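Both complexes below contain subunit A, partnered by subunit B and then by subunit C.
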Partner chain A sequence: MSLETLVKISEAVGRRPEELARARNQGQKVVGWLGYNIPEELIHALGLIPVRLGTGGDGKLVEVGSRYISSKNCVYTRNLVGLFAENTDPYIQNSDLIALDSTCLQLYRVGEIIHYYFNINTLTLGVPRNFFLPEAKKYFQAELEEFAGKLEGFAGKKLDAKSLSESIKLFNGIREKIKNIYKFQSEDSPVITWSEVYNVVHAGYYLDREQYSAYLSELLQELEEKHRNRNIDIEEEEARVLLAGSSIPPGDNKIIKIIEDLGGRIVGDDLWTGILPYLGIDIQESSIKGLADAYLKRVPHGALPYLDLNTDKRLQNLRESIKSNNARGIIYYTLRYCDPYTFKAGETKDVVKQDDVTLLEIHTEYAGSDFEAIRTRVGAFLEMLRSGI
Partner chain B sequence: MAVQELELTNKKKSTKFSTVKFDENIKEKIEAAPDLVFRDGSRVSGSEMWRFMTTEGPKRYPNLFSKGKNHGFSDDAELISGFRRNYFNTTMYDRLNRFAAKGTPVVFIQGGQTHEPYYAAGGIPIRPGQVNGWATNSKENMDYDEADLRRLQIREIGRQALTVDACQTAKYEIIQNELVQGISIIAPYLCTRCSDIGYGVEAHRHGKVQLPLLPVDFPVNNQQNKPWAREYVAENLRRLVRKIAELSKVEVNDDVLWKEIKLHNEKRRLAREYLDLWWSAPVPPTNSQDHTAIAGLGNESSNDPVAAKQILEESLKEVKERIRNNVKGKNLSDDPVRLFICGSCVNPNPHVVDRAGGVVVGKDDGLSEIFYDVEETGDPYEQLAKTMLSFPYELPTEERGRWVAEQVKKSRADGMIFMYQWGCNFQSAAARLVADVVKKEAGVPTIIIERAMAESAQGQEQLHNRVEVFIEMLRQGKK
Partner chain C sequence: MSKINAFAGVDVGSLGTKAVILVNGEIAGSSLIRTGINSVENGLESLEKALDSANLKKEDLKYIVGTGYGRISAPYANKTITEITCHAKGAHYLHPATRTIIDMGGQDCKAIRVDEEGNVVDFAMNDKCAAGTGRFLEVMANVFKVDISELGPLALKATQVLPVSSTCTVFAESETVSLLARGEKPEDIIIGVHHAIANRIKGLFSRVGIQSDVFFSGGVAKNTGMRKALEEVLEVRIANPKNDPQLVGAIGAAVSAQKLYEKGGNVNQRSA
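Up next, the complex of A and B:
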């Protein structure tokens, strides 16, 4: 880790659980959230502390979670239920309310389960699955109004326009900075790797948002300086891959480790736990309606079916991302029983083929038993990319 | 994989199963029964039914008329409405072929919800299981094993085309491989009963067969009392009706939809009356197979709600008579163990249940879809939306569990089985919670059973074992 700001961010993350506990002792409330369409701006504007939850990659938690959900649910949701069952995660321990949205219906079930079995205070935001229809816009506006009303009750204060406007400005800034930071990792002889950027994104799950924004500015400044002064050393046969598919939350390092150990270079992602939440949010007016419209129009989550292949923003974004990051191939990582993404694997492969990009689907769970089999497949894929086949 | 690869080698017809033979003693009653009247005014007499069920049917569909320990029509030949229902269901494929030939839009839908909008718009809704049956039986003269293998092959091609994790893929492949001709539009409800349907619909955008895709959204999480949710679903329904009506060229106004709603409300009321009677009877008047099928007519119409309603009325009349005379359903043991079933798309085998000394008293899925009428005032689309959003099966899982517990008590069930298909994310995720709520609220033992999708009909010994053992356990508890 040669970047000073990364060290600062990492240290700040280490201090964060204690900070949250202190804030709660002083009467502040923490909202842990799960999902894709929860506007953090709203939580923040009400003086609540937003924390994005969810880790993966822990086989033991998966087993524990399976006792409550089922072995036919994706391993991420099983891991999540296990997290709540064990209750050792400091961010879960420090959450006074868990907010979820129904974008992914397996996550919706997680909300039901943790409420019933672990007496967790939950609040669910309904998301329309026919999100592209005009009537969906009206529905989501009303849902978000209701959601905001309940958050107001929880916060014990009314949402005021000034706070909302300031929060929107803050989060717009974070989104812009994250997008700019991402650009550095795909450069030749980069001064920051994709994995480092990914860790920065995940730090943003937990850190105080003002502090996080300041760190991002500092990081950008440092990146610009280092980038200007770097020695360019182009590797001619780089296996540049883009990671796409199901979520890869903090803790799920299997595929990342395999790719990097084999000398592959990740140059971008198309992940719900990566860059996607920062893309395409254009808030036209500082209001609940403005938030609802912007969130619904963003690059959609794969769990929301879209019926026209040619105008699918998710696929358009993927193709643009391949181009802008100069990726040669895609590793499409799907978790067992993650239907939204496994159903789309074949189709996505056909779509990116039009751009002469090859796609390798890795369908797996968190267990290590298939590690070597995946290593062999990824190794062959990277070799193929290097050879330009 | 091409359709031709589904063709089987000319193997010798299996002889291990016999062909069902209806007792000549019932012929007179069948022939004397009134004509079955269909929606288009056409009629089928009792004699024509007898001829089809004893001559034409077994010849064309040896698989459907095959009789084995764990499959085949109900043994309760004395239940005349049962014979007529079997005729109605077996001839469904011929009707579907006629609809398709005439250009009537056949609509691929999902179960568990109201069918009125589809019928009112001049469409014929068919559920995934029926599409599968249509595709399997589009090839005639197959014995039981051949049909079973064909069904498995269709499913396997679907899994290969989409994902190994899928459960509904066969229907995708049936459409994309044109194993049935005549599906005009794919327009299911996106309710929580099925995790695959939304992505299955989406997958067709990439297929070689391009059909209109129009799923009707179903917002989750207790939305029935939210005016904006009702408006949203109502608008989705208006869109659905407009689209199907464009294809059928039928003019649909509110009066047309009200007429359809009234017809389906009558069916729902008849089914509820039937269930109340059956549940309160001192001895179960029908076996598990007939009971489940009769109750199912409250929602399911096998593409003709008018004829379905007639059969339901006839069944109700016969069952009332049986209860008056204290007649027990055929093959049931004395004081059978009463089972309530939860989950979707799958049931315990009724032959196995009855033989093991049990009887199925109800199922949350089937009961949910007939539990409420659509109010016959105001805007029909909004009333439909309100009813759909109220169906107990689609409520948050804890509430669904409490509702099931009430039905368990009302039906005097001794135990509850939650059964789900392999790969079903949504029902499997709800299974333990529902079971735990039922155990707590109704005080009965529960069991969760997963059914493997890839199994052939004959490869389900483990599934049957679990059901039998659960019945045995409940039996010991009753002593």
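Up next, the complex of A and C:
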């Protein structure tokens, strides 16, 4: 970790659980959230502290979770339920309310399970299955109004336009900075790796958002300076890979480690635990309607159906990302029983083939038993991209 | 440095360890031993035997490539390459018109598509369970109390293909025992087992496609019944092997060793 700001961010994350506990002792409330379409601006504008929850990669927690949720649910949701069951995660311990949206229906079930078994206070935001119909827009706006009303009740205050406007400005700034930081990692001889950027994104799950925004500005400044002064050493036959597919939350390092250990270079992602939530959002007015309209226009989550491959914004974004990051291949990581992304692997492969990009699907779970088999597949894929033998 | 233009490929598989020596681009020696518990010793023993058969010494080798699941413990190799790439190179060396490879080894099976130069362009691999692998056939041979080498010839004697619905090793074994108890002919059950595996492998090709010529490699490729079942289920003709199909990975490793040496490869190259 040669960037000073990364060290500062990492240290700030280390201090965060204690900070949250202190804030709660002083009467502040923490909203832990799971999903894709929860507008953090709304939580923040009400003076609540938003924390994005969820870790993965822990086979033991998957086993614990399986006692409460069917083993035919994806490993991430089972890991999550295990996390709530064990109740050792400091962010879960410090959450006063858990907000979820129904984008991923398995995650939606997690909300029901943790409420039923662990008596956890949950609040769910309904999300339409089709984002483009007028009825869908109306539905989501109504859902968001109800969600906001319940949050107001929880916060004990009314949402005011000024606070919302300030929160939107803050989150727009964070999104812009994240997008700019991502650009540095895909450069030749980068001064920051994709993994480091991914950790920065995950730090944003927990940190105070004003402080996080300031760290991002500092990081950008440091990156710009280091980028200007770097020595360019272009590696021949670099295996440039884009990561896509199911979520890769903090703690799930298997595929990342395998790719990097084998000398592959991750140059971007198409993940809802990565860059996706920061893309394509343009909030036109500081209101619930403004938030609802803007969130529906984002790159949709893969769990949502669509009717036409040619107009699927998710695939369009993936193709653009391949080009802008000069990726030569996609590693499409799917979790066992994460059906939406698994079903979409084949068609995604066909779509990116139009751009002469090959796709390798890695279908796995959090147990380590398939580590070597995945290593062989990824190794062969990287050899294929290098074509150097 | 020896003046002999010799290269070696060592393929440490789950059931068999193979080594091949190439001299001036031709196969000069080979060996095949049963894989034991020590990958390093297995690889070295196989390499020594292959060198003996080529009348060469280890010092004569200019470059060694290791492959197979045991490649992660191959200190004797200058570089390691995945078996997927090695099977592609080996099949291309033996049969340059190869565009599709079915590789059935001891613990997994693979569908590999290659271009006219033997470069991998796509692949799919099944290793979630033992179905469609040498290990599965070993279990089946045990049920019929025959040596694994007899399964193929027995399958060819079948008068009908009895449907065997399960490719799970445990369930297929119990289904086979039930069919025997019902008085079905062993040959008909055996060809049924082979068809069940072939149907499962067909699924791999739905992901990568299939194009002639089709090459069958790996230890299971010695099984004539499997070959026939695959030709029937996939509706393709499989190219006739010129060499022991179990050696294809090691041949590909030796071919790669020569290419890497000619490209100026060194021991510090990144390995898979």
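Just so we're on the same page, the second predicted complex is superposed on the first by the 387 of 389 C-alpha atoms of A that agree within 3 Å, B and C clash if a C-alpha of one lies under 4 Å from a C-alpha of the other, contacts with A are read in each partner's own complex, and residues count from 1 in each chain.
Just so we're on the same page, contacts are C-beta pairs under 8 Å (C-beta built on N, C-alpha and C of every residue); 3 or more make two chains touch, one makes a residue touch a chain.
Since the structure is predicted, the reported quantities are computational estimates derived from the model, not experimental observations.
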| item | value |
| --- | --- |
| Fit or clash - subunit C, subunit B, common subunit A | fit |
| Touching partner for A:E135 - first (subunit B), second (subunit C), both, neither | first |
| Subunit A residues touched by each partner, larger count belonging to subunit B or subunit C | B |
| Contacts of A:C74 with subunit B and subunit C, given as first, second, both or neither | first |
| Following superposition on chain A: angle at subunit A, subunit B versus subunit C, Cα, nearest 10° | 70 |
| Which of subunit B and subunit C A:G126 touches, first, second, both or neither | first |
| First, second, both or neither for A:R377, with subunit B first and subunit C second | second |
| Subunit B versus subunit C as contact partner of A:Y108, first or second or both or neither | first |
| Touching partner for A:T88 - first (subunit B), second (subunit C), both, neither | neither |
| Touching partner for A:G346 - first (subunit B), second (subunit C), both, neither | both |
| Subunit B and subunit C, minimum CA distance [Å, superposed model] | 5 |
| Shared subunit A contacts, counted only where both subunit B and subunit C touch the same residue | 346 |
| Residues of subunit B that touch subunit A when the two form their complex | 161-166, 190, 192, 195-196, 198-203, 205-206, 213-221, 223, 226, 228-229, 231-232, 235-236, 239, 396-398, 420, 422-426, 428-433, 436-437, 450 |
| Contact footprint of subunit B on subunit A as seen in their complex | 67-74, 77, 102, 105-106, 108-109, 112-113, 115-117, 124, 126, 128-130, 133, 135-136, 138-139, 142-143, 146, 305-309, 336-340, 342-347, 350, 363 |
| Residues of subunit C defined as touching subunit A within the complex | 69, 72, 81-85, 89, 108, 119-123, 125, 127-128, 207, 256, 259-260, 263, 270, 272 |
| Subunit A residues within the subunit C interface of the complex | 262-263, 346, 358, 370, 372-373, 375-377, 379-380, 382-384, 387-389 |
